[in-house]
Each structure stands twice: as structure tokens, then as C-alpha cells.
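The same chain A turns up in both complexes below, where it pairs with chain B and then with chain C.
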Partner chain A sequence: MAFWLLLPAAVAVFGVVLYPILRTLFISFFHVDSALATDTPFVGLENYGTAVTDPGFWAAMGRTLYFTVVSTAIELVIGLGLAGLLNAKLRARWLFRAIVVIPWALPTIVNAAMWKGVFNAQYGSLNGVLTTLGITDHYVAWLGDPFLALNMVILADAWKTIPLVAFFLLAGLTTIPGELYEAAKVDRASWPRIFRSVVLPMLVPSISIVLVLRTVEAFKVFDIVYAMTRGGPANGTQTIAFYAYIKAFSDQDFGVGSALSFLIVLAILAITTLYLRLLRRSEMSLL
Partner chain B sequence: MLLHLGALVVAVAVLAPLGWSALASISSQADLVARPFRWWPTAFTFDRYAEILTGVGGVGETFRAAMLNSTIVAVATVVIAIIVGVLGAYAFARLRFRFRRPTLMVFLVSYMLPQVALLIPLYLILSTFGLLDTRLGLVVVNCSLVIPFTLWILSNYFVTIPQELEEAARVDGTTRMGALFRIVLPAARPGIFAAIMFSFLLAWDEFMYALIFTSSDAAKTVPVAISEFAGRYTTDFGLVAAGGLIAAIPPVLIAVIFQRYVVSGMASGAVKG
Partner chain C sequence: MTHHSRSRARFARLAAASAAGALLLTGCSVTGATDSGADGDGTGTVNVLLMKQASYSEEDQQKIADAFEKANPDIDVKITSVAYEALHDKITTAAPAGTYDVVLVDVIWPAEFADKGIIADITDRIPDSWSDEMLGGALETAHYKDAYWGVPWVVSSKLFYYNAAQVEAVGASADDLETWDGVLDVARKIKAEQGVEHPLAWSWSQAEALICDYAQLLGAFGGEFVDADGKLIINDEAGVDALTWMKTTIDEGLTNPGSTTFLEDDVLKTMSAGQASFTLNWESSLRDLNDESKSSIAGDAAVLQTPAGPDGARPSVNGNMALAITKNSKNQDAAWKFIEFASSQDIQDEFVTSSMPDWKSSYEDPAVLATNPEVLEVAGKAFDDGILRPTVPAYNAVSQVIQVELQNALLGSKTPQQALDDAVAEGNKLLKK
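Up next is the complex of A and B:
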């Protein structure tokens, strides 16, 4: 019975995910320099060696790490505050929640195109607003400098992701029993204290899940980089997934591209193991 | 009071870039590039919307074809992913079978895998079956992204439904399938709405597969079309903004309408949307 119920899901997922991933592993042991190549000699672990001795790989890893740490920190801090606001008894709370949900629902590519416009050096509204208000005296090419561009991509990504993190933390907040707040108020605890000793401990499971999932996402980030900067300028916004894509599809080195992809898979599997352990410790009755 | 001020700041931060894009889409080109910066355009034009919505050839035709492709692909993906997800989730939530936990974990892990690691083999598979540059091909690869997600979110929802209801019905002679459709599904309605919303957003947002596996108006989806516009018409941001805003309408409408299921979906999902 269970077999038949799960069969459709298994066919879809195993056929389109697990079989390809094994095939990627397979390709990573061969030298394949064109999609139509017929002469593809077995090279063992050579592609992995080529991948990890390339300085471009470590530069991309460094940017991925930077992306992960900075974007997760921004998203958690602002997300926590926003979760509190979403939970507060605001007038027109429905309207507020509806507004906050918009960036999350906005397609990633549309979000990227919008921020590319906002940051544009000639007509972008960020330059317009900053110079009109007298904060800067000249137009800045926000996406023209490698490191600045990386930060701008992180900002655009955070704008879209903060609502998601906030709603996720809100789901955690709503599980805190009202009596806990009442008890804290009877004790005349101050708000920072209530936050530290009541809210934060109860949110630890949600926060750790957010941390893990956002790290996985940083290893996978591709769409927003493609649409905003194509990895440039001077590879400044090339994160690891984008780097693997370039190796495979622009450089037509499918062997090294596959080796790189598989390294990303291994990293993600390691993080996911952590995630599963967190889930089991939280009150998920399924696992 | 302070809270309302905070909410106002957040609302402005959300709406400002959207509002400017909306203005840019109807500003004349001269207003858009004017220095000093114009907060409000002096002349409005709806030419870009006219071009996108009714224009013959070029941008308009590509965009309208992409909207149709995206709609078909997303709706088909959601329908399949919900049906397959409901069946599988019921098995995970109610039945005891060998390898239940490892199977569930494999599905969860498959959701985490990076698309970039699947591109080359999937390209070869799709080409073998003649599914490159077809909507059907996109539906197949999108299902592999969305099904683990619906499976997970629905499993978590189904276990919260008291088993007694179902047992009572089964004592009265209802089959397991009958109980699923008559007892579990109606009780799980909020979870199903959440799953529909999340999977529609995922399918509508999908970019990498569509970028690599489609090449013409026959299957190209909206994200690919928008990214092409943004690459090609770097000087006419208004056109990109107009297309982007139209492309954002379906997912944003759905998210706003189903907004109250977002939190319950997150609570049972614990996965990114």
C-alpha cells in the first residue's frame, strides 16, 4: 500500500534528481570538453584536482562564505524585528502582513532586474535619491566595483528573503504560550530581558533551522547573480554555484564542472545532516 | 505608537523600490534619465505596456508567449505535485512500512540539492526524449523540485489531524482511500492551500532549468524572458519594469490572497518557499 502511494513521487524525484546526480558523479571522473564529445577518457580524480587547485575556486568559495555570513546576519537581525512587528497588535495588521509578503512572492528574476535598475549608475533611483538628499555629491556605479557589487547583490537578496525569515520566525513566535509573557510581566521584567530569557530560548529551534537553510541557499545562489551582474564585474559576484555553471557551460569543461557541482553537493549534504539532526531535536513528530 | 512607526518604515522600505519601478514603467525616457533626479515624471507614457501587451513581433510576442508558457507550466506542476504529494504524504503520516524514515530523508535531501549539479545529465535525458524546449519537459523537471516540498509540508500537516476521525469512518466500512478523500483532505484544507501557494510560487520562480532547457518562444518562461530584456534593453529600464510588474502579478496576488496560510505553511514546512 505505502509502496503504491509513494511510487509516483519516487519516480519523479528519483528519476529526475537521484539518477542525474549519480550521472554527474560519473561524468566528474572523465575528461569531457564538449557536449558532443565522443572521446572522453577516464581521468580518475584529476578533475577534482584541477578544480581545487584553481585560485578561482577558492575566490568563489570565499565569496560564498562572505555571502552566507553577511546575508544570514542581516536576515536574522532584521527578520527577528520584523517577526515581532508582524506579531504585534497593529491596526490594519492584515494590510501590513500583505505588504510584507510582497517581496517574498516577487519572482527572483524580477527582483534582480528591479534592483539592477535601482542601482544603475546613470538613471538608478538610489543615486537619484542620495544626491537629491545631499548624501552623495556624484552618481556611484553601485554594480561597477567587484566588492561593492557583491554587497549590493546581498542587499537585493536580503530584501526579498527577510520577509520569508520573518514569517518563519513568526511561526515560531506563535508557539510561545501567552502565560510565559504574563509571568515575565508579573515579575516586572524589562522588554530586553523578556526577549533574552523568554523569546530567544523559545526561538532557538527556528533560528537554527533558518541558519542551516540559508547556508544551503547561499551555496545554491545563482538566479539573482545571473540576472544582476552575470558574475561580474571582474568575477566579483561569482559565488560557487555560478562558478561551477561557468566552468561547465561557458568554458565547456563538463568534467571539471561536474566535479565542482559534486563538491557543492557534498558541502550541502554535510549541512543537511546538521539540519536533519536539528529537525529531530525539535518537535517534528515525523522523523 | 512606536510599533506603528516601525511598521510604517518597513512598509516604505518594501514599497519604495516597487513604486519607483512602477513609475519608471510609465515615465517618458527623458524623465527617467533626467538629472537632477525627478521624483515625479513630467510626462507619462503607456507605450511600453501597449508594446508588451499588444505589440506585434519582438518583445511583445516573446513576453506574451512566455506568460502563457509560465502559466501552463506552473499550473500543471502544481496539479501534479499536489496529487502526488497528497498520496505520498498520506503514506508517510499514517502507514508504517520498512525504510519509512530513510525514504523521507531521501526526499528531504533531494530538495536541498543544487540544480547546477543536475543540469548536464538532465539536458542529456531531456534531449533523448525530445523534451528540450518543450513545456512538458519543464513540467517534468519542475515536478522534481516541487514534489519533495509538497510531500514534506503535507506529511507534517496530515500527522496533526486526529486519527480517531478516520478510524471511526473505517469501522463503518470506508476504505483507506475513502477515508483519505472524505476525512483527511477536508480536515487538511489549510495545509493544502499552503502547499498550493508555495508550489505555485516555486514553479513560477524557477529560472535555471528554463534558462538551459528552453530556447524559443515555444517553451521559454517569464523569468527567462525578463532576464533577456534586462540584458538587452539596459537603457530602457521602463520596459523591463513594465514586463517585471506584469510577471509579478500572479504570484503576488496568490501570496496576498492566501497570506494567512503563509505562517501555518511555514510552521509545518520548515523548508524555504
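Up next is the complex of A and C:
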């Protein structure tokens, strides 16, 4: 009986998740240059070799690491501050919490299209606001310089994700017992000291979850790059997932594209294992 | 065994079995591709993939589909329109599923799609009379390896648009705009006197649009993309001169620095807002620039052939597009009927403000000329003198390499010579594969 009840879930997991993954791994050992190719010689690890010796691969990896570190850092810091604010005892607290969710509720493509319009060199609202306030005297092409464009994409992604981080941390904050704050106040501890000694240690489980989740997601970032800059300018926003997409679907080199997908999986596994090891040492760790 | 390790062992066996089963299934064929194309019986649904933005607008496309359905009641036409930048990838990802029966292909893709078995060889379907009745350059759009892979539907190249009101206000006329040097002189006057901060706007984003603009300037300086052996030669003097010219116009403040983020639609919007006086764009732009509901300079826009370079050369980039039948379509006869209808002279003459016709006699028909006289006159001259991008299967990858290097030069990270040398080195490697 249990077998039959589990069957739909098993079919879903194996069919939608396992089969494509195994199939992609299979394809990565062949030379496939078209979606309809019939002549596909076995090449072993050659696709992996091609992927790893391509300078474009390492450039994309570097950009992705920068994107991951910076966007996760921004989201954690601002998310923590926002969580603290949302934890305050205000009358209309429910209203603020509802408003804060809105960026997270936006579909990623809508978010990307919106920020692309805001950053537009000719008629974007960021340029309009900055020149009206007198902060700059001419319009800037925010998505025109490779490094600046990468940072603008980080900004757009962070804006959307900060509410999620804030809510995770808010959930963690609400579990901190009030007695700890009262005990700290009795000892006449200052707010920074309370934050460092009471709040942060109690929040480590939530922070570690957020860190792992956000790192993995930031590493895989694709849709916001596709919708905002398509990897440009001069490949400045070409993250590793976008690079793999170009190789697989645009250049139609499916063998190398599949190999790249697995290299990305390995990289994410490495980072996640690193996190789990580091966080295991903390006494309040969840893992 | 404890309960835990027993269920863990069972799970492991189940996982291994399904993994083996999955691998076995994949063992049938790496790509799982089958030759499932069929002619069909000339009825049913025809799924068409077209492009939005330039040439035929989405309203035009729907009108053509409606007219076709009226003439062929047993065929149903469903049109999907995507942005040009998404068109290539959509065709390749939809190919295995056979989602579309008719796809719009750019002149640079038949080599790639024919070699990869994505579009069907339709040489046998094309009537012999077409080689006389159609413009010479048009039928060659989808000609590769002695076969025809598509029917030309969008005959197009980039024309030179200028704001006649601003040009006249500084005392210049259309004659001053025959050469690029002349254009820059008038641009400097407009910048100084008319308060247009950046009179030139281009589509120099990291996309095929950049290659189209570069192609016209490369041709103006007397250069070509490849030599007789098919090797890239854009790092020769002509290629470097063209790229240096482009960078100089940015440094001098004549070209809008946002151009490196613009596509043709942004260029159109910039000119429609009166913030650019000179642009290169496709034929349908005149219709939009003079449309009061879309443009603030309606009535002031005029069109010329692309200006000439120092030696008088002025070829326009060949930006034609063709309708092709996908190899895996199960309804190829019905698809062919739609293609024949959409490219027929009557339909094309009706939409002349959106796209130039394939047919030679249309350019002499007074009724057709009356609907879009300025563009037809200029386009007729432009089509005689074209510059082709390399028609090789690896074009997509080569184009991306060139796009990145051109942007590196335009953004100042590399000198034009260095950028083009790197582009040629990397591009020739890809062409050799």
C-alpha cells in the first residue's frame, strides 16, 4: 500500500529530476553539436577538458564568485537591519511587513525589466532623479560599463531578495526569549553589546540557512542577467550559468554545455560543503 | 539488520534500479532525435515563429494570417512573435520538439540551421520563374550548398535617417549628408547650435545589431569580413579605421555614449524623442518616426542611403530574412502554402511601409511607390550594393567573439587594433572547427 502511495512522488522525482540530470551527465561524455545530431562520437572527458581550459570559463567563474559574495553580503547586512526594524513593536507592524514582501513577490523577469528601465542611459528614472537632485550633471550609462553593469545587476537582484532574507532572520529573531534581553539590560549592556552577545549567537542557525540558500542561488543566477543585459557589455555580466547557456543553446555545443553544467554542480557542492564544515564548529549551529 | 539499514538498503536498490533504467533509456540515442518530419495533407494547424520590432509589426502579421485563413479555411495559423535577440535560440531549442512549422531565419543562419538539420531543403518547391521575378539578392538569402532553405520575406538593410528640421536649422541640406565626414560636420553644428547633446545614436549593444552597424562602416572604409579563403580579415587597415572612427565619435561627444547599451528599438526611441539627429536603422523606422502617436518629431524624419566613406564606397548590410520550414514539422505542405501566400506579391505590396518587397516589378509599380516613396527609392539603391556577413555554420559563435571585442574597443579597454587582432585570432579558430 505504501508503495502505491509513494509511486506518484517517485515518478515525479525520478522523471523530472533524476532522469534529466543523468541524461545530461551522459551527454557530457559525447561530442554533440546539434539538438538533432545523429553522429555523436564518444569523447570521454574531452568536453570537461575543453570547458576547463577555456579562459572564458574562468572569467565567468570569477564574475560569478564576485556576484555571489557581494550580493549575499549586501542581502545579509540589510536584511538583518530590516528584520530588526520589522521586529519592533509598532501599531501597523502587519502593514510594514506586507509592503516589504512586494519586491520578493515580483517575478524575476518583471524585476529585471523594471530595473533595466530604471538604469536606461537615455530615459531611465535613476538618471532623472540624480540629475534633478543635482548629484550628477549628465546622464550615466549604468549598464554601459562592464564592471558597473555587474554591480547594477547585483543591486537589482539584492533589492528583490532582501525581503526574503529579512523574513528568514525575522523568524529567527522572534524565537529569542525576552528574558535574555531583560537580563542583558539588568547588566546594563549597551545595544551594540546586546547585539553581539545575545542576538547574533541566537541567530546563527537562521543566518547559516540563509547563507547556504542565497549562495547557491546567487551562484546559479541566470534569468536576471538574461533579461537585463544578456551577458553584456563586453561579457561584463556573463555569469557561469549564462556562459553554459550560450555554449549549449546558442553555440549548440551540447556536449560542452552539459559538461559545464556538471562543473557548476561540483562548484556549488564544494562551496556548500565548505559552509557546512565551517558552521559545524559554532556551538549554536543547526547542522 | 536494523529497521533503518534495511529500508536504506531497499531505497539504495530502488535508486540504483531507476538510475540504471534511466541510463538504458538514454542509451537508445544520445540526443533522442528522430527524423519525424512529414508533408502532412495540406490542412491542419501551422505554427509560425516570427519576429517583433522591425519590419512587419504584430498587427501586420495577424492581418496576413487572417487573410490566409480566409483563403484556406481548412488551415489554422498560430503566430508567435519574439524579439530578434531571442529568435535564434528559440529556433534551436524548439527544434527537437517540432513546436513550429514555419520559422523566420536571418540571412546569417541558413548555413548553421541547414548543417544541423533544423530546417528543410525546399529547392524542389521553388518555382523556376522566381529567379527572374525576385530581386537577385533576395533569393540568395537562404541559398547554401546549392540548395534553397527558405523563401525571402523581409528584404532589408540599414538606411540613414536624419531629422530634416534640425539639419535645415543649421543651414545644411541632404547633399551634405552624402559622406560620413559631411555627416560629422553637420552633427558638430547641430551639437553647438541646436542643443542636441549627442546628435548620433547607434545600436552598439553586445548583440548582432553591433555587427550590422560595424558592417556598414567596414564597407564604407572599403573593407570586408573575410578573404577569398574564408579567413577573417577585419584587423586589416579598413577594419581598424572603421572601429577607430566609431570610437572617435564617442570621444568627441558626437555619439551618444549610451549607444553601447542600445538596440535598434532604443535608437528609434531616442530619435523619436528628438535627442538624436542621425541614426542607422531598418526600413520600417520611417513609418514609426513619422507616426504622431509614437514620435515627437513626426513629419521631420527623412531617409537617405547610408553615407559613403573616404573612397566613396557605401554598401548597406544585407539584413534579409527568410521563411523556412522546420525539418521536424509534420505539416510541411500546409506550411509551404502559408509561406507562398505571405511572400506573394499582392501581400508584400500591401505592407510596403513595413518591409520591402521581394519582387522586382513592385519597385516600378506606381501604386506601390506611392505608399512609401522615400524608402522605396533609397532601398532600391541600397539593395544593389550590399555587404554580406560570413555565411558559415559557425557564424553565431564567431559573431559573439567579434561583438565582445568591438565592445572592448568602444568602451576603451582595448585599442581598436588589439581588439580586432584578438577577434580575428579567436574567430579563425572557431571557423576552422
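Points to keep in mind about this one:
One rule holds in what follows: the second predicted complex is superposed on the first by the 263 of 287 C-alpha atoms of A that agree within 3 Å, B and C clash if a C-alpha of one lies under 4 Å from a C-alpha of the other, contacts with A are read in each partner's own complex, and residues count from 1 in each chain.
One rule holds in what follows: a residue touches a chain if its C-beta (ideal position, glycine included) is under 8 Å from a C-beta of that chain, and two chains touch if they have at least 3 such contacts.
In this text, all values refer to a predicted model and were calculated from it rather than measured experimentally.
Contacts of A:N235 after superposition: chain C is touched, whereas chain B is not reached. Taking chain A as the reference chain, the count of touched residues is higher for B when chain B and chain C are set side by side. Within the superposed three-chain model, A:S250 lies in touch with chain C and out of touch with chain B [touch as defined at top]. Residue contacts after overlaying the shared chain place A:D33 against chain C, while chain B stays out of touching range.
Judged by the touch definition given at the top, the superposed model places A:L18 against both chain B and chain C. By the document's definition of touching, neither partner reaches A:A259: not chain B, not chain C. Using the contact criterion defined above for the overlaid structures, shared-chain residue A:A141 touches chain C, although it does not reach chain B. In the superposition on chain A, contact of A:A60 is made with neither chain B nor chain C. By the touch criterion stated above, A:Q122 is placed in contact with chain B and with chain C alike. For the contact definition in use here, the residues of chain A common to its chain B contact set and its chain C contact set are 10, 18-19, 23, 27, 35, 120, 122-123, 139, 230, 249, 254. Contacts from chain A toward chain C in the complex involve residues 10, 14, 18-19, 22-23, 26-27, 30, 32-38, 40, 120-123, 138-139, 141, 143-146, 230-235, 246, 249-252, 254. Remark: chain B residues 3-4, 6-7, 10-11, 13-15, 17-18, 20-21, 24, 32-33, 35-39, 80, 83-85, 87-88, 90-93, 95, 97, 100-101, 103-110, 112-125, 140-141, 143-144, 147-148, 151, 155-156, 159, 176, 201, 204-205, 207-208, 211-212, 222-224, 226-227, 229-231, 237, 240-241, 244-245, 247-248, 251-252, 254-256, 259, 262-264, 266-267, 270-273 touch chain A in the complex. The touching residues of chain C, when paired with chain A in their complex, are 14, 18-19, 22-23, 25-26, 29-31, 33, 85, 88-89, 92-93, 95-96, 112, 115-118, 197, 205-207, 256-258, 260-262, 266, 269-270, 273, 275, 327-328, 396-397, 400, 403-404, 407-408, 411, 413. Residue ranges of chain A in contact with chain B, taken from their complex: 1-3, 5-6, 8-10, 12-13, 15-21, 23-24, 27, 35, 81-82, 85, 88, 90-91, 94, 96-110, 112-118, 120, 122-123, 125, 127-129, 131-132, 139, 159, 163-164, 167-168, 170-172, 174-175, 209, 213, 216-217, 219-220, 222-223, 226-227, 230, 241, 244-245, 248-249, 254, 257-258, 261-262, 264-265, 268-269, 271-272, 275-276, 279, 282, 284-287.
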